[in-house]
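What follows is chain A paired twice: with chain B in the first complex and chain C in the second.
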Partner chain A sequence: MHQNGFTDDHLDMLRELMNIAMGNATASIADLLEAFGKMHIPQIMISDMEGLDGYIQQSIPKDQRNYVTKQLFGGEFSGEFLFVISEESAIHLGHHLYDVDQPSDGDILDAVIELTNILSATMISRLTEELHTKVQFFVPSTEVVDGNALISQEDIINYHRIIIISTQMEFQHQNINGQIFILTKDGMIGSLKDLIDRKLEELYA
Partner chain B sequence: MKILVVDDSKLARMFLIKTLRELEPSAKVLEAENGLEAVELFKVEKPDAVFLDLTMPVMDGYEALNEIIKMDTKAQVVIVSADIQAQAQSTVLASGAKMMVPKPINSEKMLSVLQQLSI
Partner chain C sequence: MVTITYPNVLLDALEIGVMIIDETFEVRYWNQWMEINTSVRSSDIIGKNLHAFYPDIDYKVLSRKIRTTLRLQSPTFYDASLQNRFIEIPRTKITTSLLKYMQLQVTISPYDVEENLVMVSIYDISDLHELKLTLQSQMEKISELNSELHRDKMIIDANLLIIKIDSECRIVEATQAFLEFFGYQSENVVGSKLAEVFGDASVDFDTVQICDAIASQKKWSGEVKARLHDEEQVWFDAVVTPFNEENDAFCYTVIFNDISDKKRIELLSITDPLTKLYNRHKFNEVFENMVQRRHWDENHTFGLIIADVDYFKRVNDTYGHQIGDKVLIEVAHAFSETIRIGDILARWGGEEFVCLLPAVDKAKALYVAEKLRLAVEQLDIQNVGKVTASFGVTIFTAGDTQESMMHRADSSLYRAKENGRNRIECL
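So, the complex of A and B:
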């Protein structure tokens, strides 16, 4: 038994559902980029809020400049979708999507927003479809920050525990890589566990 | 009928086996949790068909598929994967997989797969 009543079965189910969601998202992005994306095994971690900062720092170098898009979603399963793409990858993305050697800052920002919209909508929709529930999306925000400033005190001050679901988007030949984090906090962890329990009941029926 | 089910997720294997047993209750099912285990089991057990995931630790499904086809060019390998990119499908079909089915596999898809396999 893990924290918050999660068992190995809960984590395995969540990882598998995330894998299916990421498969759908990768296919949509592959169509957009006319490229092939490598799939990675999703990681799930239950942590306190201090652990979140450490976990993100393991994946993203402190001194790397990043475009960070945050989007809240709400419903029976609610949380925050976080997409982090390095400035270098974002430039490659702008170059690839706009077919120009030196995309402008505006082109790059547009490209990142477009990519994030597709990623978040496809992943969260597929994940919630598998969990037999629905969510509402809120307006996303994008900013450019250093790796050591991805999570602000404002983000973590009101929470105690968090589930981090993370995976990687990798289009190797285009040099476009990004990290995806889905964060679910406090009360919603119990709600997510209930949704997974229902899914597990289908399996053991 | 002997079937090898390969997936790093225990629950994904259970879902697939449950769906398979609804249609083929007498099937003997073997399980592997990565490509390397699958290749070793295939060598010893010679299953009639293999349901193989692609994204796995230790040895992924692409490499396992190549190893299995090297051992038996007529091996009936069905790729069951969350990766639904057209290029993933063309790669595995070119490597010798009989077909590719997107996850999650349900009874309807399983019936269609079993009808298409020569087992």
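So, the complex of A and C:
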């Protein structure tokens, strides 16, 4: 038995739903951005802020400059969608979407936002659709961060229980790699559990 | 649930721009905010292509965003952090001029998927953006100031002798220059009491004045002297300044300014180069001060001795000036070793020496003079042998001036010479 009432069954179901959502995202990107890629099997874990920081440090090289896009989503299942892409990949993305040799800073930022839009809309929308609930997306913001310190020291000491859903996205042909984190915390974990319970009932009733 | 009968009224009342366009960019709706802020009337633009009014938009990107919105049935966004990537709307704000055009946050939402229509919402986030720019500019200034501060700190650390001490006279911090000057390692100094650090055999430093200033919690400045490992004597102008730490603890900075060179020059200006005693100029200065002090009376007075080496001309004539100088040096050394602490001894000129004796009566003055006479008499100078000196002594009395005292002491000396030399006379 995990904390917040999450069991292995809940985690398995969430992993299954994420697989569907990720398939959806890959197809949408292929369709809309003409980029064919794959997404790794999602990692799902329950942790705290310190654990999240450690996991991010482990997943993202510390010696690279990253475009970090954060987008909040609200509803019965709400949280934060985090997309991290290295500067090199972001430039390749800008080059691919804007069809210019040297994309401007604005081109790159917009391209990153565009990809984040598709990723968040497909993955979260599909996930919430499967869970029969609605979601609203808020305006994303992107910042360029040196290294992998994405969480401030002040926030690390905050006590939050967090569900971390993470996966890696790869578009080999375009040389684009990114890391996706879907984070939800505290009360929302219970809310997500209730939604999954309903889904389980629906499937096994 | 209320049915919104007049959606146009609702959309016109919003403080955001709203337009509805299709996949070919034909404008289907243009709200009042758009009319007012773009100066394009809805009647002029509805049914027309957006491209005709705004040719600079990247329509390839817009097309992709519209397609994403319609396919995913989810909003897409333009990046709002850099320059405008959609349409340019002039800004009317006069009191600030950071932005000529509105900074826009543009959201493209599905409106009618079957009809391929999207709603473009435009939020004016100029004030927020201006604030961000101002903040960025301030942060850059702070960063610059921090760099300057760091640079200044490095300069101070490398060049100025400064320590920070707590109210118990314990060293909290020391600059690199301080550590290097005294030959200490930081770990041997930080955490130790000032007196302990300077009390060791390596550096002889009188810390009493500094610790006294700290005990009284007041600002203090003064000269302090230290003798380094190599016996070199150094002088500092020390300034003790109290200040409150962030945690309200009382601390002090002590800034040491090495004034040894100044001191050496000062010393040269008051020293007789041959005998290293005070020169006539310094003596006169001290003499004048003593005469002008008002509190002298019969019980508290001071004396003056003039000494003259007997037959000194003969020494010079017989053995030469070099030997003569040597005699003067030996006599001066004998006098220095004999006088009391606080007595002021100087070379008056030639073979004459003067000595001020604070807080003596006639008997004590004669006693000191006798000791001086004996000290000279006992000398056995190489090549010369024995030498003697004659002494004139006088005591300050009410109404005396420098001249009157010098005159009496001189007369006494004359009498000592007249009466056979190697003796003392007092008037």
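Just so we're on the same page, the second predicted complex is superposed on the first by the 197 of 205 C-alpha atoms of A that agree within 3 Å, B and C clash if a C-alpha of one lies under 4 Å from a C-alpha of the other, contacts with A are read in each partner's own complex, and residues count from 1 in each chain.
In this section, a contact is a pair of C-beta atoms (placed from the backbone, for glycine too) under 8 Å apart; a residue touches a chain by one contact, two chains touch by 3 or more.
Remember, predicted model here, so these are calculated numbers, not experimental data.
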Clash-or-fit label for the pair chain B, chain C on chain A: fit
Touching partner for A:Gln174 - first (chain B), second (chain C), both, neither: neither
Contacts of A:Glu114 with chain B and chain C, given as first, second, both or neither: second
Which superposed partner A:Thr122 touches (first chain B, second chain C, both, neither): second
Partner chain(s) touched by A:Val139 [first = chain B, second = chain C, both, neither]: second
First (chain B), second (chain C), both or neither touched by A:Gly106: second
After fitting on chain A: smallest Cα gap, chain B-chain C, Å: 14
Set of chain A residues, in rising order, touched by both chain B and chain C: none
Chain B contact footprint on chain A (complex, rising order): 9, 12-13, 15-16, 19-24, 26-27, 30, 36-37, 39-41, 130, 200, 203
Contacting residues of chain C [partner chain A, same complex]: 58, 60-61, 64-65, 67-68, 71-83, 85, 105, 107
Residues on chain A engaged by chain C in the complex (per definition of touch): 28, 31-33, 97-99, 105-106, 109-110, 112-114, 117-118, 121-122, 125, 137, 139-143
Interfacial residue positions of chain B with respect to chain A in the complex: 8-12, 14-15, 18, 54-57, 81-88, 102-104
